[in-house]
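I'd like to ask you about the structure that follows.
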Amino acid sequence: HSCWHAQEFGVMSLFGVSETVHTNLGFGLVALLTAGGEQIFSTAVFKCPCNDLNFIYGMVFLLVPALALLLLGYILNRKTWKLLTGLCQHRGKPLRCKKLVAAGMILFQISTTALVAPSSWIAVALLNGNYYECAMTGTNVSIYNKHVCREKNQEAQCEKELHRFPCGKGPQAVRDDVLLSLRAESQILGWLLITLMMVTNLLLTCVARCSSPISYLQLKFWKAYVHEENNLIDSYADKHAKALAERNLKSFFEKTPPENFITPSNRDWEKIS
Amino acid sequence: HSCWHAQEFGVMSLFGVSETVHTNLGFGLVALLTAGGEQIFSTAVFKCPCNDLNFIYGMVFLLVPALALLLLGYILNRKTWKLLTGLCQHRGKPLRCKKLVAAGMILFQISTTALVAPSSWIAVALLNGNYYECAMTGTNVSIYNKHVCREKNQEAQCEKELHRFPCGKGPQAVRDDVLLSLRAESQILGWLLITLMMVTNLLLTCVARCSSPISYLQLKFWKAYVHEENNLIDSYADKHAKALAERNLKSFFEKTPPENFITPSNRDWEKIS
Amino acid sequence: HSCWHAQEFGVMSLFGVSETVHTNLGFGLVALLTAGGEQIFSTAVFKCPCNDLNFIYGMVFLLVPALALLLLGYILNRKTWKLLTGLCQHRGKPLRCKKLVAAGMILFQISTTALVAPSSWIAVALLNGNYYECAMTGTNVSIYNKHVCREKNQEAQCEKELHRFPCGKGPQAVRDDVLLSLRAESQILGWLLITLMMVTNLLLTCVARCSSPISYLQLKFWKAYVHEENNLIDSYADKHAKALAERNLKSFFEKTPPENFITPSNRDWEKIS
């Protein structure tokens, strides 16, 4: 029986990545929600300060929400906690290489799931262009500023007043030129990021399928098995807990000694987890 | 039998923190409601007075509702009262170190739950920027005022009329600059607070899971047990109370001596609480 | 048997306050209804008279509805009448100290419940600011008026026409300044009141729980018992009364001497009340 579960563990870690195919619809929903949220933020909350803070402000709006979404992705993923509990319980024991590799694979697969929302945020923000525009006009790196203002009339004034461009100040003609090219850069980066996400998704699923020792139909069987086992564990545990609670309370209110009750030991639990 | 419950107590205090994962949806709802309430307040009720009161007024709107929400979080949490009753009953007896640590952990875990709403309030208020803007233009600290008005035309007038800026008074160009940078500072602080909340949540859950002696599946079983026990205690207590009340009233109306009735003693109650 | 009820009485008076936890939802509803009512009054009914009556008018709208709500709270509370009946029956007999303390505790606990609605009224009214604004422009205390109009242009005119400000009369610039700071003061007071309410609630419940001799779970059992007993008293009393009435009427119409009927004596009733 414990052999069943060792095998199952290996299988789980493999088709966890290929499960991404199945949950692509869910990923699409997450990406859409993120995009909607980004739109609301960029119109209602974001206002470029047009001073020294430009770069920090733009970067905070571009990256910090993405970081928050990444952490949220880790927090909300059940597998993170399964993995962590598993690792912590082996703290005392010597870690075998095989288990470390399996844990690394699960971590990798959690990360791929958690990265969907932050990538969407950054991609949509870059396609929008507001944050990048604001950040890049406030870099205060003179080489970059020269690069942005090259081949323009009033080059000196452009470099000096660059941080005021997103608020609609500074010489009109130059400003429009600069903002248009910054926005274009931002949108090119956005499309590249989206393509990168797609390619990575495709490659990862390919690798996961190829390295799996089992066929497509067998995989479906295993998925069904794991799903059924999880359901049954829940229902058995519920039944067991109810019986145990009833026995303890009965003995408390009626002042009788509790009956004997067979319950799995901690070691048994560890073996199946 | 009492050993069962001692074990249960230790388990409860541990996975209470990790329950945060399970209740993340509830937290999201609380945060959303808080954010909505903040929006209503900041548009309908908040009006910066634009005089000496600016700093106090802004800070009151930023912090006092958060404090009220924190207290409300403590008041509405059942565990607060369970813990308090438990601590007060041991007043006379010598407190063992182990119990104190357990109580500290429960208090810590109640606090993490209670902090969700106030943190959300402060985060949304900072992202909005109204309160911070009003508070920071009324600090009356000349160094800060100089910092805000540096590199502006009309520096002296800016410092003098700073507290009137949020009401749309004072020189237009300077005012817009100052308000934009204050709003930017406020929003950067807001995003940092949100990231901090996420990181803290992740770390706390990690620590709680790692220090737990039981596996993920066993945890689910224990949660089911505690849930069932709570339900059954309620139903048993109801049945018991009904029987006791019926006996007492029957003996009162029919003037017969009350029958003997087995009821748990106060000491028994204390042992299982 | 009477010992049962003496114990019960002590328990009742103690967890009456801690019942506030259970009824926090009800309190929230009361507070919400009060707030809504206040909003309706302040827009539809309240119109500052802008003359000598300002102070009285504002204070009446701020305090008199609160007083009415307080009295309503006392009237609608069943415990008020239970306590009053109990106290009046002991008029002739010497009052023992223990009973007086118990009565004081119940009165205190009724007051805490009755204070919810008036506090909400005052808090919402202060957050709104209309009543305070109107009251404070009509104080007719020259020191206060000077304080309000300090550092303004047209100081003399401001002091003189202060009571006309809430109706939109008097010099515009000065008027706006004065009304904004009065509204700010009012809202700060409102928030402080809300915090005070929260802290008081928390502290009272703490004290009530700590001084209670019983544990959290036992408390739940006792609540269930008291609830059941109240229900059963009503049903038993109904049954008993019906039987008694039937016997009396039968004996009246059939002109037979009434059968003997066991009914509790007045002394018995007093003992259980």
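Worth pointing out:
We just call them A, B and C in the order they show up, numbering each chain from 1.
Rule of thumb we're sticking to: contacts are C-beta pairs under 8 Å (C-beta built on N, C-alpha and C of every residue); 3 or more make two chains touch, one makes a residue touch a chain.
In this text the structure is predicted, and so the values were computed from the model without any measurement.
Of all residue numbers used at the contact between chain B and chain C, under half are used by both chains, marking a mostly different-residue interface.
Chain copies chain A and chain B are related through a rotation whose angle, from the C-alpha fit, is 35° to the nearest 5.
Distance from the chain A centre to the chain C centre is 51 Å, each centre being the mean of its Cα atoms. The distance from the centre of chain B to the centre of chain C, each centre being the mean of the chain's C-alpha atoms, comes to 27 Å. Across the assembly, chain B contributes residues 233, 240, 272 that each touch 2 or more other chains. Of all residues in chain B, those touching chain C in their complex are 45, 47-51, 53, 56-57, 60-61, 64-65, 67-68, 71-72, 74-76, 78, 81-82, 84-86, 88-89, 91, 167, 233-234, 237-238, 240-242, 244-246, 248-255, 258, 266, 269-270, 272-273. Within the complex formed with chain B, the residues of chain C that make contact are 1, 4, 18, 21, 24, 127-128, 177, 180-181, 183-185, 187-188, 191-192, 194-195, 198-199, 201-202, 205-206, 209-222, 224-225, 227-229, 232-233, 236, 240, 262, 264, 268, 272.
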